[in-house]
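Heads up, there are several structures right after this.
Two complexes come next, and they have one chain in common, chain A, joined by chain B in the first and chain C in the second.
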Partner chain A sequence: MKALTQRSESVVALVLLAAMAGIGLLNPAFFSLSNLFSLARSNVVSGIMALGVLTVMISGGIDVSFPAFAVAAMYLTLRLMLALHWSGVIGPFLLATAIGLALGLVNAALVHGLRMIPLIVTLGTGALVRGGLLGLVGTSQINIDRMPPELIRFGSAELVAVKDATGAHIGLSAMILLYLLLAFLVHLFLGHTLLGRGVYAYGDDREAARRAGFSPRRVVFVVYGLAGALAGFAGLLHAAMIWLANPRDFIGLELDVIAAVVLGGASIFGGRGSVLGTMLGVFLLVMISNSLILMHVPTTWQRVVVGLIVIVATALTSWRDRRRLAQGLA
Partner chain B sequence: MGEALVALEGVSKRFGGVEALREVSLTLNAAEVHCLAGENGSGKSTLIKIIAGVVTPDQGRIRFAGETLGRLDPKGAIARGIQVIYQDFSLFPSLSVAENLALPTEVGKGKRVFRRRDVRAIAEAALARVGVDLPLETEVGALGVAERQLVAIARALISTPRLLIMDEPTTALTGREIERLFAVVRELRARGLGILFVSHKVREMFAISERISVLRNGRLVAAGAVGEFDEAKLARAMIGEDLAETPYHWTPPRAPEPPRLALEGFSVPGELAPLDLTVARGEIVGVAGLLGGGRTELARALFGFRPHYRGRVAIDGREVRLSSVAAAVAAGIAYVPEDRLTEGLFLSQSIDRNLLAASLRRFRRGPLLDLAAAEAACARMREAMAINTADGRRPVATLSGGNQQRVMIGRWLLREARLLILNGPTVGVDIGSKAGLHRRIRRLAEEGLAVLMISDDLPELVLNCNRVLLLHRGQLIDVLSGAGLSEQTLAERLRALT
Partner chain C sequence: MPILRASRGEALAHTRGLALLIVVIFAVMSLLVPDKFLRPYNFISITYVAPELGLLSLAMMVTMMSGGIDLSVIGTANLASILAGLFFHWLGGAHGPALAALGLPVVAAGLGIALLIGLAAGAFNGALITGLGITPILATIGSAQIFTGLALVLTGGPAIAGFPDAWDFLGNGAVGGLAVPLLIFLAYAGLIALLLARTAFGMSLALIGTNRKAAVYAGLAVRRTIFLSYVLSGLLASSAGIILSGRTNAAKSDYGVSYLLQSVLIAVLGGTDPAGGRGSVLGTALALFALMLLASGMQLLRLSNFLVEAMWGAFLLASIALNSWRARR
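And now, the complex of A and B:
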């Protein structure tokens, strides 16, 4: 029992269940199939980005550039598709992922090569990419009438579809499968490859990781590269799911995603965090903002709630880390 | 007798203009504990790094098990059976004991997939070899220092080394933990390992080693079997001069005066049972006991970290309420914590700023600071504490451990403290600076300060204190003084505690 309550995943899961019960009591519409399906769908994009951020945070770094990378990968890919009359699904997704990966590797080169602080590096590259995109590529939104139809078809694929009492169509987006697959792969990487364990080791103590034979360079390039690649993929997926590409999208998303990762038990100081915890954290955060919308809370107040969640979750994890440390010294 | 396990012949190394090692020759046999002694900066670390392949010597030869080693890198050294346990252990606090033990082996094998079953098997075998039982799934961060060290030792032994280098392994351990470590070391020796034990603690070297080599300023100044040394000779070899140390003698003041510190029924719920204590002007009162037995708890409560304490506290006869650190500081209490690096000093800031940190108020002139006066006061304090630098603007991090400790004490003297609480004042400080520090502390006491000295270092307590309190499980169980205060009785009393 003690082991269970000490695992941060189970704590998040309990909070999640309690929040669900509370929200369900306030608003019975919460448990309707259509709401649950839409909730699951809202997890996909933030969740995929969070997997990258989790990996970076375990290594002791931080990434705030991924929303800019995601938007750049999405918008560049779509503009290219329109300009070249290029259609298809796999090719564009590979391109978006590659754009994200390349940008992530720039982060890695600055962090590793110049020994710069990750927060500053990613603030800088994020601003650079976002500003460059709007200045050089354009500011116009790509609407549904110009979106490549293959992408729209792909993004609207459904896993199950039912009709409710009034005969309205309710579907569960198949993109959830992609999210689950990526989450499983990242979980395998972190937990079951030596390089993945090296990410934890590096986040714990760089010098010790080096002495143990891990290559710091490889760890840094893999984590920032992975975060960029996942962001690029998620960016295009986002456009495919909402049938719209806005180069001003994802502003402020870094806070939500980092909040979700911290909420899921990852330590801002590195060395700690899990895919399951992160997925629960994302779910909790998405559910809360979702419910605030259902309850007609204005968006400005939703930001207040997210800010509070970041502070409380970080306070709890740092309190936990301090307590562990204190136990260790006693 | 066969060939030595390690033989260094005329090894020299320069770093820039600094000669770190000059023509050092040294031999170490299998099944032998060889102590490498020397002050900080004497070249011990460079020597270790040369044997471990981290640093390449400029001149000289290294022979290992009959083979002359050419250019050596760390991997090559490990492959030949040389393992180093660094002072910081190089462990991963968030990972489990099993992973800490097995990761380097798995990385070394070039594996890509991480299998928990393999890791467990490696870890179990490693712990069995050292003969200790630790929970494999526990995070290393949750272990005590001594247990972490056992993990580091077990990890080093996985590759079945022939030479084990231990860099100051006893620094963070209490007396009893040191004995357990020594038992492990003797067991390894019995199995034929050569052990290079790096230390600057004289007692330990006599307790554990067969042979001793002493470095000073990069040269080998003495070497021989342990029987050829006595403590005075070893200390002389290390610091190059005699250490004449006489126990501290305290004479009570002739005219009666209120004590500097008086505690009545002082207690902290859950940590300290009620105790009465007075410390007079000029007294140096030692505090001994096991870690967690109430020593640090007492210090921290006196420094205002436990506002919910019970009982009465008076400083110079005036009752004070230690409800916060600020209140304790205002009452004239100063505390130099055990880990001065994490609890006390601002490492990247200058020496002078560190000295001034607690007494900026004194140099206030209107809304501004009188920088000239502050600088002059700092210069005087650097002089008085013999802090080894001409420039107070250098970052504190550039000073040696002993000098950093003196900065910390100097900070409180600038504030004109009445009671100075020292927690492990010479942990990690070499014996030359240690003697200097002791002289400073005594002089401060003679000038009227009252001192509480918490320490694991029994000779330090016996030499410098006129009384020693024994705390156990939060209770004051005895006070040793006069003829009753000797290293032997203190050691016996501490051993009897459980």
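And now, the complex of A and C:
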């Protein structure tokens, strides 16, 4: 039991359950099937990006460029599809993932090659990619009438569909399966591969990890590459799910995603964090943001709430890390 | 002390490099758009527009010196000017002559409110970082959300338009032919240069950034110094907000968002080591001037704002690449 209460995942889960109960008491509409389904759906895109950010943060880095990479992968892929009259699903997703991966590898090359603080590097690459996209490729939104129909069909696939009392259609997006699958794969990678353990080791103590035989270069390239690839994939998925592609999307999303990852127990000092914790963090943050209206809180408060969550969560993780250090468990 | 001499020589080389950069930008822009770029108006307008960004860059430099960063400067600047604006609107009405003619004591009180907000915001960051042990990046990402969020809650979204004339003087006025914003910037720059070079605070800040453990063992007041550097950063940010709102006669929760990247860029280009230990007021001022020349030239060339933003990103990457190449040599 003690082990259970000390795990940050269980703490986040408890907070999540308490928040659900509280919101549900304030407004029973929270527990309506349509609200729960839409909540689940809102997790997918941020959640997939968060998996990448989690990996970067476990390695002791940070990435603020992934929203720009996501939007670049989404918009470039769609513009190419329209220009070449290219349709399909798997091909475009592979391309978007590859664009994200390539950009992520640029981050890695700069972070590893220049030994430079990841925040500064990713601020630079993010601005370069977003500015370049809007300035050179275009600013016009691709609306539903021009979106490739196959992509829309894929993005609106549903797992279950029911009719409510008024006969309105309520469906659970099948994209959740993709999110769960990717989360499981990242979990396997981090927990059960040598390289994944190397990411933890590198984040915990670089020198020790190097002496234990983990290549710092490989870790840096894998984590930033993975973050870019996941962002690229999530970017196109976002367009497929909302049936339009806006090259100005995702501005400021890095804050929400980093907040969610920190909330899930990852430490910016590296070496700590889990996929389950991150998924719970994403869920909690999405739920609170989406439920402010249900709780009759003006939406203008959303940023204040997110900021408070970041600070409380980071204060708690920092307190936990220091206590572990003091106890010699770190 | 050879180490000190080496770093002084390095700083001199950096200053020379920045001066060269200014000359190159000046020459290129004079060739590309000679008639518009060389007009005196162009340079006068830089003395009004650059100082707010300069103050934010100094704030970034001061916090980077200890190995930290302040990502909440824009939020602090906007919150400070919005609260001052609300105070003026409360006393003088939302618009009209009564608001414009608010007297000096009222404007001074508004100034006090804005600067206090800056100090409080900085103290909040400092407490999060030194008291609760949160890393500067996450602490100021979080506080930036809170400050911007509060600004949004207070205004509901739209800009607070209309400030007293005396307030606008701080952003638009001139004394002895020099822009008031420029004078404010020069005063702050001189003060910070003194603080860094001549006080225990400045020495400690550089030492903490160079080697924190050594600074602790040497008995320096590490926490207090870092705390004060964020308070100073908040003060600078709120002053930038005052100038910005005076210049535009308005305050809004999302003004100056693109300044964040630019202030990081100017600090780094000016020779500040984001890993801590090094920072130069002169370098920051030169980097500011270089980038403002470049920005005005690109504007005259009718380059899209997006491409300008991309340029800043590329410039930031280039300047850290240069720094790292130099450090390895």
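A few remarks follow.
What we mean here is this: the second predicted complex is superposed on the first by the 321 of 330 C-alpha atoms of A that agree within 3 Å, B and C clash if a C-alpha of one lies under 4 Å from a C-alpha of the other, contacts with A are read in each partner's own complex, and residues count from 1 in each chain.
Just so it is clear, a contact is a pair of C-beta atoms (placed from the backbone, for glycine too) under 8 Å apart; a residue touches a chain by one contact, two chains touch by 3 or more.
Keep in mind it's a predicted model, so treat the numbers as computed, not measured.
Once chain A is used to superpose the two complexes, chain B occupies space that clashes with chain C. Contacts of A:A98 after superposition: neither chain B nor chain C is touched. In the superposition on chain A, A:G271 makes contact with chain B only, not with chain C. When both complexes are overlaid on chain A, the residue A:H192 reaches chain B alone and has no touch with chain C. When the two complexes are superposed, the chain touching more residues of chain A, out of chain B and chain C, is C. In the superposed model, A:Y200 makes contact with chain B only, not with chain C. By the touch criterion defined above, A:I152 reaches neither chain B nor chain C. Listed for chain B are the stretches 38-46, 236-244, 254-262 or 344-352, of which 344-352 clashes with chain C, judged after superposition on chain A. Of the residues of chain A, not a single one touches chain B in one of the two structures and chain C in the other.
In the complex of the two chains, the chain A residues touching chain B come out as 191-198, 200-201, 203-205, 207-209, 211-214, 267, 271-272, 324-325, 327-330. Considering their complex, residues 62, 110, 114-117, 119-121, 123-136, 139, 255, 258-259, 262, 268-269, 298, 300-311, 314-315, 318-319, 322 of chain A touch chain C. Of all residues in chain B, those touching chain A in their complex are 74, 86, 88-95, 99, 103-104, 106-108, 111-115, 139, 141-145, 292.
Contacts from chain C toward chain A in the complex involve residues 69, 128, 132-135, 137-139, 141-150, 152-153, 156-157, 261, 264, 268, 274-275, 304-314, 316-317, 320-321, 324.
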